[in-house]
Structures are given as structure tokens and as C-alpha cells.
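Here come two complexes built around subunit A, the first alongside subunit B, the second alongside subunit C.
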Partner chain A sequence: MPLKHTKWITVLIAAIMTLPIFIGLIGTLLPAFQYFPPIGEYHFSTQPWQNMFAESEFYSSLKLTLITGVGAPLLALWLAFSLLAWGYQRPFFRKIETLLSPILAVPHAAIAIGLLFLLSPSGWLVRIFSPWLSGFVRPPNWITVQDPYGLSLIFALVVKEMPYLLFVMLAAMKSLQARETIHACQALGYGRFALWRKVLIPQLYPIIRLPIFIVVAFSLTVVDLALVIGPNTPSTLAVTLYRWFNNPDLAMRLMGSAGAVFLMITIILVLGGWEFCHRCLSKLTRYERSNGRRCGATDNLLGSGVILGLITLVSAFIALMLLPVWSLAKRWRFPDALPSKWTWDNIERATPLLIELTSNTLSIALIATIMACAASLLMLETKRKSMEESNKPTEQHAFDWLIYVPILLPQIGFLFGLHVLLIYLDLNGSFCAIIALHLMYVLPYVYLTLKGPYLAYNENYLLQANRLRYRPWHHYVSVKLAMLKPSLFTAFAMGFSVSIAQYLPTLIAGEGRHSTLTTEAVARAASGDRKQVGSMALLQAFFPVIVFWLAQIIPARWTKWRLAMKTLFKKGSPC
Partner chain B sequence: MIKSLAAASITAALAFSSLPAQADWQDTLQEAKGQTVYFNAWGGADNINDYIQWAADRIKNEYDVTLKHIKLADTSDAVNRVLAEKTAGKHKKGSIDLIWLNGENFRAMKDNQLLFGPFSQSLPNYIKYVDESARQSITQDFGTNVDGMESPWGMAQVIFMHDTETLKNPPKSMPELLAYAKANPGRVTYSEPPQHLGVTFLKQALYELTSNRDALSQPVSNVDFYAVTAPLWSYLDELNKVAWRSGQNFPSSSEEMMRLLDDQEIDIALSFDISAASVQIDQGNLPDTVRSYIFDQGTIGNTHFLAIPYNSSASAGAQVVANFLLSPEAQIRKQMPTIWGDLSVLSYKKLSKADQAKFDALPRGIATLSIAELGETLPEPHSSWVEALETEWRKRYAK
Partner chain C sequence: MLSVKAFSLSTSDKVLIKELSFDIENGQVLSIMGPSGVGKSSLLHFLSGTLSSTLTATGDFFLNNESFHNKPIANRKVGLLQQMPLLFPHMSIIENLLFAIPPDVKKQERQALAQQALEKLEMRDKANSLPNELSGGQQARVALLRTLLAKPDFLLLDEPFSKLDPALRREVRSFVLEEIRKANIPALLVTHDAEDAKAMEGPCKNIKKAV
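Now for the complex of A and B:
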């Protein structure tokens, strides 16, 4: 992008982003120290903190949060690395790759409900073996879901996070010279897992560090997933905070705000600890990696990860397939493996919504995502320029960290602060406000997906084009962006599905006056009725799945289509 | 002296203001014309959403007021929004004109001056059809004085459900329930406090088990909480051990309990909606052998209400809506089991003969109890008990 004044643009973008984040933070910090005028609290004090530390549930929630919030990303990372090492550039793996997008597109709560139905004692797994094999005429009194150790929650998190990590890794592989490395290592006699472990993964990790951090932060703060499949006596800290915030006793919000601040600090500490452990681990294993042995005992770690990873993927799929079945069910009782009575009613009830709310949903998602793509390109270009000028390969910009703040913070307290800001600006309830809030949540994902490929782009193509004929803007679009098409489309699809899934931001910014498919689906699914949830999940997943699918087929065929169009028009025109 | 003078003058003012009530209401109707009322209400049930849509159509035709249903997953979303508006100093033109709520949410909003009013006692249909002495819960929402700050909409009472195929003679008291759970481990549960049905189960158990029932109508701070509730905790210690999933998990709502009943994971489900069983059977979510019943000593009942936030931009329109929803026409339709099945708040005696006949003619679902079978409701304890019970429960069982 032929930009001038990159410094100023950087400052401007950072400032625009800082303001809402700052306000959101203030909105969480003040009540945490007892300052909350609307309920008559005008004096600072540490009372909310004392109350929180006196609460025994706080400690058990925290423990559970740490176990699930660290365990899930670790597992997800291990399984994703294993699957990648096992299948990368093998023909059958392409198929698995295309199957990732529906999992990415389906909202978290829907996957959790699907898994709950798969795994619970009256769930589908027990049903297919009952009563002919297990002898269960009634479901056993087991604890297979919502277990007090959070194992089922960890599993659900892995199901959702592993595909995301795999997706990010596949995108990041494009900026490594993977094929050459694999050939060279194999020629030297390294086994597949050993070469990944010793050569490729250490190169890949730094590129995907941020996505991993997002996954860790997500695991620590997730509410909807944990509400459905997580334990509830006690629940994770995020769910406990959510309950405190929603408690009719408004004074509980003070304690909730203190908890939100504490959770933020926890996230920072966990991320710090994670990075520290990674450094230690890579120091410790450096000798082993460079000892020249062609295979090692830890290769099995990747090998077993493949099996677990496949099990995870398969159960995710079964869970996803069960939801549409529910939306067609009239009666489906234990121990029937399939509904005993079928109906179109559930679908019929959902379709008018689809028609009614499509324009709202699509316009919000499209505008927010296109803006996010444009902003990301702008930010990445300024970043590239300044990196070029300073000659430092890893210069960090303020916005590299700033944009992640919204997704790293517990939504509920943060959004309250933002809502107050919107009211001050008299923007509340407007369409623009919804788009702005969506942008905040979409931008990080779009930026992150684009960052690797964009910065890895070989600028020489563009230079060469401009040497032949100096048309910088034209070439930026027709050469650089055209070559980055696959990443651009993927980033768009990612942003789009994130925007579609937003519930609280839409409700708060729109004040409930602009309904989208998600606000409607979440409200209707509030009853937990699986038939409703099934049809609503279909509704919510409808557009993201299409967009992901388009993002995969369009870039590959774009040139062919463009050329076909060109010849068509050439034929038509007189010259 | 001064006090009594003040009281006298207030009484006089009240008497005076009731005279031109009719004229006032005409003004309200006039002001409401063309207004849009944003009604924030839980949107989890299709049948209720459809009922609200019906009311919206009727109100549009009759009063030229547009009613927009904002479907919420949780009423606290609306409370939060009003609070945020107050924080930002938006004391006019708020985003919410009418909320469906009761109990603790009402107390929180009333105590923090987030409500408009008093208005309900001057609604024509309230004056005409509501008998405040018929039920305590009309004037005391979970023990908090209503004071005209919210208008009654419907009544709820705790009912139990069982599948006659698996369980012929259901336990009809707390001790029987415990005995049943001990004989059938894992088949009994209740929803997780602070979910309101869960707290209600605790209150119901407390009513039956405590030796000091009178204490429950007073604020918790006035009584010895531990002495009053000790029998409850020793009861729950025993029950949780033999409860569903060994008391490690509790269902999150009445809907989840009905799902578990259908899946045959549990034998007894609870609901606050007396027609829940019939509605769910109709929707295919429960087998048609399920029946409702109540405990021998009666069960807890309460009223749910409509309130107007203090910064509503259409308070006249909201009053028109609240008034319409109190009309015999709206209340009869609401009580139809195929529509919603929610109990009317109107006094039967105050209705016209024609309306009484319509109420008499209402069909009942196969699993719905009649008013006579529902019997006397136990009053909700003072609202401060909710907080105290749920805190203590979480301290004991959720650590």
C-alpha cells in the first residue's frame, strides 16, 4: 500500500482503539473499588476484594478455572501439532481440512449442547448400546458430563479449540518453507514425527504464539460453554462472576467487578507462566533436538496425539450431526438411538426468523468484517513499513497488543463500561454502535489470520510490477492483494463467523432493538429445549458455513472465472 | 401531631386524586397514541412469545400503541441496561419501557429507584377486577411491598411432575421425598440455587421442616437464621448424598428437569408453571403418562408482574399495555392451556357473568391440576430469605 505518514496512522489507529478499551477497563475498575454511583456508592474502598476473598466458592472456582484454562489449551495444542505433523500435505488430509470449517462456524453453546447429548448418561453413546448390550432400561446414575474435575469441560474446549489451532497452523505453514524442510530432513533420514518435533514445530510456534494466547485466554474466560457442560458446584470463575453480575442484588456487581479484575490479572499471569514454561522447555530440549538422532522416544507423544486428535474430531462431528436430527424430532426418548416420531414443526418455526432477520444479521456482519479487513490491511501495511525502515524483524506495535484486550477481558463487566460510554456519546441503540462493537471483536481475529501471510509476502512482486509501470495503488490491489486472496478470504470468513456469533455485544449496543439471528437464537434456546437448540444452531451456523465454504472454493477458481469473464466480454466488444 | 396532619393531608390528596381518575386515564390514552413500547421479556418459550405477539396486534388496533417484544435470555440483562443508563445519566428516553419481572429483580430495581410509578393501582382494569386481599402475593412480591410500582400479570405455583409409568405413588412431603430418594438413589434432584426454582425448593423444604414458620415472614436479619434453617441443612445433607449424580451436579432450570424426566434420568421434576406438563406433552417433550401433583401441605405460589423503568420514554404506552394485559379478554386467553396456561390474577367474583362463564369453560390440559386441586398456596417468605438461603446453600454444597 503506497502509504505515507505511517507513524501518524499508527498513532491514530491506536488512539481510536484505546478509547473504548480504556473506558471499558475503567468501567470494571471503579466498581471493583466500591465506586458505583447508580446504586449510591461514592467512596473508594477495598471492601469488594475483602468480600471476594472471604468467599469460599471463589477459591474452588479459581482452582477449577486454572485446571481447565491451562489443561484445555495444552491438550488442544498437543493434538493440533500431532494431527498437523501426521497429515500435512497428504492428500486425505485436505478432506479433513475442509471439515474444520463447520466446527469453526458453529457457535460454542451449540457444540456444547451437542456434546452434552452425546456424552451424558442418557446420551447418544449410551443409547446406541442400550439396552441390548449394556442392559440399561433407564440411564445409569453416572457422572460423565459436568464432572466436578472439569474433564468434560476440558474436552468440550479442546473440541472447539483444536480445529481453530489447526486452522491457524495450516495458514501459518505457508510462511515457512515447509516442503523444502521436510524433503531435506527426510533425505537425511529423519522420521516424520521426529522432523516435525525437532525442526518444524520450533519454527512454527513463534508464529502462532498469539493465537495460542487467545485460546488460553478464551479457556480462562469462557462462559456459555462452561454453563452448559462445565461443573456447577462450583463452576469456573468466569461463570461464578457471570452469576454475581447477574445477581438481582446489585451490590454483588461490586464483588463481580473485583473478580473480573482478578480474572484479568490471572490471565496475564497464566500467559506469562505459559511463555516462561515454553522458554524453559525449549532450553531443556535443545540438546535433544540437535543430538542428531533420527528418532526419539517423544515421537510417540505425537503419535498418540494423532489418535486422540482423531477421536476428538470424530466426536465433534457426531455432536454436530446430532443437532440437525434433534431439529427434526418430535419424540426422542431414552433408549431410542433415533427419534421415534419425526416432525417439520421445529424447522417451520425457525424459518420465518431466518427470512426476517437475515438482512440485519448480514448487514452487520458484512460491514463489520469488511471494515475489519480494511483496518487490518492498513495496520499490517504500517507495521510492514516500519519494520522495513527500522530493519528489525519483530518490532511490536502498540496495537499488536491493544486489539487483543477486548477478547482477553471477561465480556460482561467490560461491556457494561462500554455501554455507559455509548450512552454518553448518544450512540446507544444505533446500528453504527452495533457495528463498532462487533468490529472490536472481529478485528483481532481478522488481523491475526492475515498477519502471518501478509508479513511473509514477498514484496519483490510488487516492486517489479511498479518498476514496469508505476501504478502503486492499482498494483497493490491487482498484484499483492490478488496474491493474498486465499488468506484474505479466510480472514473474512473467520471475521464473519465471529461477528455472527456475538450475543451480548449485539444486545448491549443495539439495546435489543436490532435483533439478529444470534440474539433471537440465544433467547429462544434459553429454555434448553434440545429441539429448539438444534434448529437455532442450524440457523446460526447457516451463513458462516456458506461463507467458509465460499472462502475455500472461490480463491482457487477466481482466476479461471475472471479469465472466462474477460474472454466473454472481449467477444462481445467490437475491438 | 405533624405526622398525623401530614397523614391526613395525604389521605385527602389521595381521595381527591381518585375522583378525576377517569379523566386521567383518558389523558394517558391520548398521550400513548402513536407510542412504541419496548417490552423486555424472557423469550425462551414459543407459546409465550406468540401470546405477546397476539397482544401486540390487539393493542395496535385498539389503542394505536406499538408493542415490540425484546426477547431476553435473562431478565437481568434488562436490569443491567437500566442501570447502565442511570450510570450515564440518561434519565429520560431510556431504551426499556416495560419489563416482565418479580421477586429479587423487582426489589433490586425498586430499592435503587430504577422504577416509574406508582401506577398500577390507578389502571382501570386493576381497579375493576383485581382483589388485593385475594392473595398476599399481589401486594407483596416475595415479601417486598409492591406499592403500585408494578402491575400483576399472572400467577405461578410450584408443581411436581411424575411419570405414572415409572412412579405410581409419588412422595407428597419432604420426608417422603427423602425416603424415596434413599430407596431409589440418583432419581431425585432439584435445580441449582440461585436459579429461582431451586431457591423455591429450599423455601418449600424449609416451610415443611422448620419448627418456626412465623420467622419466614420476617426479614432474615430479625431472626436467628441458623436456628431456623438447621433442620433444612441436615435434611439436604442426607438428600444430596442420594440425589441425582450424587449431588455433584444440579440441573440449571425447570426445562432441564423436564428433559431429565423425559430421559428417565430422574423421577420427579418441578416447575413454577402449572400447565408445564400439559404444554410439554403437547410439544412432544414429555410422555403423555406424565401428571402434575402438589405436596399435601400445599406449595409455594407467587405472582409475576410488569414494571416500567424510571426513564421510560413511553410510560403512558406502557401503562396502556399493562392495563390491556389485565383485561378479562387477555387474561382468559392467557389461561388457555393451549395458549399459555398461566393463571389469571383477576378476582373471579369481580368479573361479569359472561366472563365468569368464559373462565369456567376453559379446558384443562390432561396433566394440569384444577384450581381446587392446587389448593391453598403457601406465601413466599420475605425476599431477604432468597439471598440468605442461596448464599448458605452455595457455601455448603458448591465449594
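Now for the complex of A and C:
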């Protein structure tokens, strides 16, 4: 890309990325200290904090948040390490690797709805054991989902986070000499789990620290998943804050803002505590790593993690499979394992609504993702150029840390603050506002997916093209971007699935005027109409999976298809 | 004829090349040899107008007595052949060749030129193959013909034979020399290998590390 004024572009993009977050934070921070002009509060005070601390719901919500927000990432990390240690470089593990993409692509809410269908007292899990084993002819009076301890929420979070961590670990393994290390340790007589525990995991952890922090921050602040499968009396802190913010009494926003600031402080403290624990554990196990024992009792921890990890993956798949089954079920009485009658009526009945929701969802996702792709290319070209000019390949750019801010900050912490800005700009409830907020979350994922391949691209191809014929813009597209097709398609699929999964940004920016498959599926999850919810969740899961699948299929075959078409029609341009 | 006058190259803290001058006749290949890091490839990038901004170069160069130094990259008709053939992997062989032919050449003539190149390469059946379906030697030859199809005024060769095995190397070297002579343009080769320089049957210059 023949870019000029890269410094100005850097400043401009950095400002565009920082400004909404900064304004959002201010918009949350001021009401947290009683300053909220819309309700005539012009004086600073700590009253919202006092009110919040006086709420008994606050403490139980905080306790639940800490249990689920720390428990789920810990479990997900344990299971991901176990699966990796067990299966890395084994042929059948490659099949498991290919199964990760659909789970990664499917929005959280769809997985949560699927798990609801699987785990609830009248869910599929109880059905397959009834009545022949359990003796149940009616759903038991158990609390298996939305349980007060948050166990079902932890499970749902693990189902979604474990594949993500596994995916990140597999990518990070490329930077370690894993194969050689495994062979060297095995030659020394170390067992598979022992060598991973003593040698590979300590090397791997520092590389994946940031994704782990993202997972922890997400678990502490997730709203949509917690609304569907989490406890509700009391709920997690993020959900409690969401209810306070949505309370018709605007004064509750003050307490909600104080809670949002508190949640951000909690995240910082939890992440600090997590890192402290990791360092302590690392120090404590240092001797154990070099004590020469070829196996140890803790190897069993990884061994049992494999079984639980596989159960988690299988649960995720069954949960996804149940979505189409419910949407096509006509009669499905308990304890039948499958519907006794099937029908298209559920989908037909919901078609007008589904068409509206799908068109909203797809238009937002397409526009936000295309914009994110264009912005990412601009940012990466700016970064590449400045790296080239300074001749420092490892130079850190402002984007490299700014890009993580929206992912690490809790949505509830600044989206409501940003909503105030949207009202001032008279953009609240508009389609543009939804796209802008989606863009804020889509951009980091698109940028991070593209970053590696884009910066690793051999610029000599582009230089050579321009030496042969000097057309910089044309060759940027027809040579460089054409060669980067696989990464561009993957980045697009990633951005698309992130956009489809957005719940809170859609709700806050759209003010409920523009519904998407995600917002509607979450809103109706508790309605009890499993057939309609199933149809929505199915569509919600369908589009990202299809786009991911196309992103793998199309770039690999593009040139072959293009040449075949060209031969067929005996014409076409060379590029 | 390509003439380089008093070319000097330096980084922020040291001089790499000092006052280098030479002339290359049409159809002739001048070989420049020297150790790694001496600035040989940077000389080629200076001539092609793509020198890194971290390096400072002074001097002038002329093509048929016309100064080239301040010409924008777009107007320098320069061919550069590197270690990697740099064939575009998403284009077929014929598309790679067509890509190089100047746009003012008429469509039928373009096709004919590309076909002639394929015949010369004895690769008519490979027209619709992708670069990764060719051997290393075939890729190197396609890369050379693609460069020459762009009708460059001079050719720069940046160790183009270094990745080929010895037998293939001899074959590709003679092919390159033959084509340069046919095109009747000056060519500049930078290499580590004395055999490469000898095979080009032209003058040779050694660059030493500046102290």
C-alpha cells in the first residue's frame, strides 16, 4: 500500500480507538461519584458507593462472580493443558483440532442455549437415562441449570473457553521446539505427562499469558452467557449491574456506575492475584522440575483432565446438535430421547421474525467486519512501514497494546458511559451506532488474526511486481492481498463470528430498536419456548460456522477454480 | 551502456562502499563479488530505486549517458532477479508471464509473446500450471523470462543461482547469459561464488569491507 504520512495515520487511528473507550470510562466514572446531569446531580460524592456497599445483593453477586470468574478459567486451563499434553502430535488429535473451529465460531449464547437443552432437568442428558435407569417418567425436581452456586455457568464458560485456550496453545507451540523437546525428554525416560508438566508447560505459559488474562476478564464480566445459564437470585455482578443500569429509575445508574468501576478494579486485582499465584507456583515447583523423577503424582491431574476435557468437548457438540433437533421437533415428550414427531412448522412460524433478525445480524456483521478488515490493513501497513523505516523488526507500535483495551475492559464498565455520548450525539438507537460499537470489538480480533501473516509477508513479491509494471495500488490488491487471501478470509470469519456474538453492544447502542439473533435468543432463552429459541440459536450458530468453513474452503481452491473458469470461457485478465 | 560513477554507501555509523565506479556494455554481465554485509545487494537496490531508508547512498548512474539517478521508480525500467524466483503463487505460469508484458502491447501480441516464452522454456504444457508445480530450475527460468518480457533497460542479478543445485546451476547460468545477450542489455550480477562470475564471461569487480 503506497502510504504516506504514516505518523499522522498512526495518531489518527490511535485516537479513534482510544477516544470512545476514554469517553466511555469517563461516562461511567462521573456517575460513580454522583455527577450525573440528566437527573440533576452536579455534585461529587461517594453516596453511590455507600449505597452499593449497603446492598446485600452486591456481596452475594461478587462472591458468585469471583467463584465463576476464577473457577472457569482455572478449569479451562487445566483441561486444555491436559488435552494438549495427551494428544499433541498424535494423528487422531488432528481430528480434535479440526473440531475446535466450529466451537470457537459459535456464539456464547448459542452454546449456552444448547447446554440448557442438554443439562436442564428435562434436558437430553436426563432423557437418555430415563426411565430405564433413573426411573423418571417426569422431569426431576433438580436445579441443574441456573443453579445458585454458578456450577452450570462455570461449565458453560469452560465449554467455550477450553477450546479457545487449546487453539491459542496450538498456535503458540509453533514458537517452541516442541517435537525435539518431547523426543529428548522421552529419550531420558520421562513420561508424556511428566515432560509436559516439567518442561513444556513452563515454557508455554508465558507465551499464552495474555489470552489467559482475556479469558479471566471475560469470565468475570460476561453478561449474555450468565443471563441464559447463570444463577439469577442472586446473579453474577455483571448481570446485577446490567439490571441496575436498565432500571427505569435513573438514580440506579449511579450505583450501577459505582459497581462497574468496582468490577474493573476487581479485574485488575484478580489478574494481579492470578499472576502472583503463578509466580509462587512457579517458584514452588522449580525444585520439583529438576528432581529427576520420571513421573509423579501430579501427572494424574493431567490424566484426569484428559477425560474431563473430552467430556467437555463432547458436551459442546451434543449441545450444538440439540439446537436443530429442538427447532424441528413437533412433539417431544419427556422422557423420549428424540422427538416423536418432526415438523418445519416451528421454523415456518418464526420465519418473518427470523428473516428480520437475520438481515439485521448479517448486515451489522458484514459492515462491521469489512470496516474492521480495511482498518486492520491500514494499521498493519502503517506498522510495517514504520518497522521498515526504523529497521527494527520487533518494534512495538501504539496499536499493539491499544488493540487489547476493548477486549480486556469489561463491556459493562464503559458501554453505558458510551451510551451517554451516543445520546448527546443523537445517535442512540441507530444502526450506525450498533455498527460502531461492534467495530470496536471486531477490530481487535481481525487485527490480531491478520497481524502475523501480514507482517511475515515477503515484500519482495510486491517490489518485483512493481518493477515489472509500476502500479502500486493495483499490485497491492492483485498481488499482496491476493497472496494473503487465506489469512484475510480467516480474519473476516473471525470478525464476523465476533460481531454475531455481540449482545451488550447491540442492546446498548440499539436501545432494543434493532434486534439481532443474539439479543433475541438471549431474551427468549428463559421463555420456555424451546422450539423458537432453538431456531434462533441454530441460525446464530449456523452463520459463523458456515463463514468459517467457507474461509477454509475458498482460499485453498480459489486459484484452481479461477483457472478452471478461465479455461472454460477462454478469456479473463491475468490477475 | 550502464555507467555507475562514484557510488558510496554508508549506514549511520560506518561506510560500506566508497567511490565505486564501473561501466557495463550492452549484452555484457559485470560480476561484483564480496563478503556478506558489504553492501552488494544494496547497490542493486540503489539502482532499482528501492534502497532502505536506513542507508545513505551517493553517486550517480547513467544509462546510455542519460542520468538515471533522480528518475522515479515508475520510470526506471529495471529488471531484478533474486535468489527466490518470486513467481506469484496465485497466478498460473502464463499469467505470471503476461503480468510482465507492458500494457501498451496489444492483446494478441501479448498472448503470442507469452506463448513464445513458454516455447523457449519448453513448457507449453505447463501454461496453466501453478508455480509450485514446477521444479526449482523451471521456476528460475520462468522468473528470468518474466523479467525480460517487461523489456527492462538493464538487468540486476542478486545471487539468482545460489539456491540451485550444482548441475542445475550450470544449466540456468548458461540460459541466463544467452538470454541477456539476446536481449542485448547490460546486466550486473552480485555473487559470493567465483564460478558464477566466471560463467558470465564478463568483467569482475571485488568489493572489500571498508575499514
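Side notes on the structure shown:
Quick note on the criterion: the second predicted complex is superposed on the first by the 377 of 575 C-alpha atoms of A that agree within 3 Å, B and C clash if a C-alpha of one lies under 4 Å from a C-alpha of the other, contacts with A are read in each partner's own complex, and residues count from 1 in each chain.
What we mean here is this: contacts are C-beta pairs under 8 Å (C-beta built on N, C-alpha and C of every residue); 3 or more make two chains touch, one makes a residue touch a chain.
These figures come from a predicted structure and were not determined experimentally.
In the superposed model, A:174 lies in contact with neither subunit B nor subunit C. By the touch criterion defined above, A:37 reaches subunit B but does not reach subunit C. Residue contacts after overlaying the shared chain place A:94 against neither subunit B nor subunit C.
In the superposition on chain A, A:557 makes contact with neither subunit B nor subunit C.
In the superposition on chain A, A:286 makes contact with neither subunit B nor subunit C.
In the overlay built on the shared chain, the residue A:465 is in contact with subunit C alone; subunit B does not reach it. Comparing subunit B with subunit C, the partner in contact with more residues of subunit A is B. Overlap of the subunit B and subunit C contact sets on subunit A: empty, with no shared residue. Across the interface of their complex, subunit B is touched by residues 36-40, 56-57, 60, 121-122, 138-139, 141-143, 146-148, 227, 231-235, 243, 245-250, 329-331, 333-334, 341, 343, 349, 416, 419-421, 423-424, 428-429, 503, 507-508, 511-513, 515, 519-520, 522-532 of subunit A.
Within the complex formed with subunit A, the residues of subunit B that make contact are 38, 40, 42-46, 49, 68, 70-74, 76-77, 79-81, 83-90, 95-96, 103-105, 107-108, 112, 166, 185-187, 192, 194, 244-250, 252-253, 255-256, 259-260, 262-265, 284-285, 287, 387, 394-395, 397-399. Of all residues in subunit C, those touching subunit A in their complex are 48, 50, 52-54, 73-75, 78-80, 82, 84, 86, 88-92, 94-95, 98-100, 102-103, 128, 130, 146-147, 150.
Looking at the complex, you find that subunit A touches subunit C at residues 388-391, 458, 460-461, 463-470, 479, 482-483, 485, 558-559, 563, 567, 574-575.
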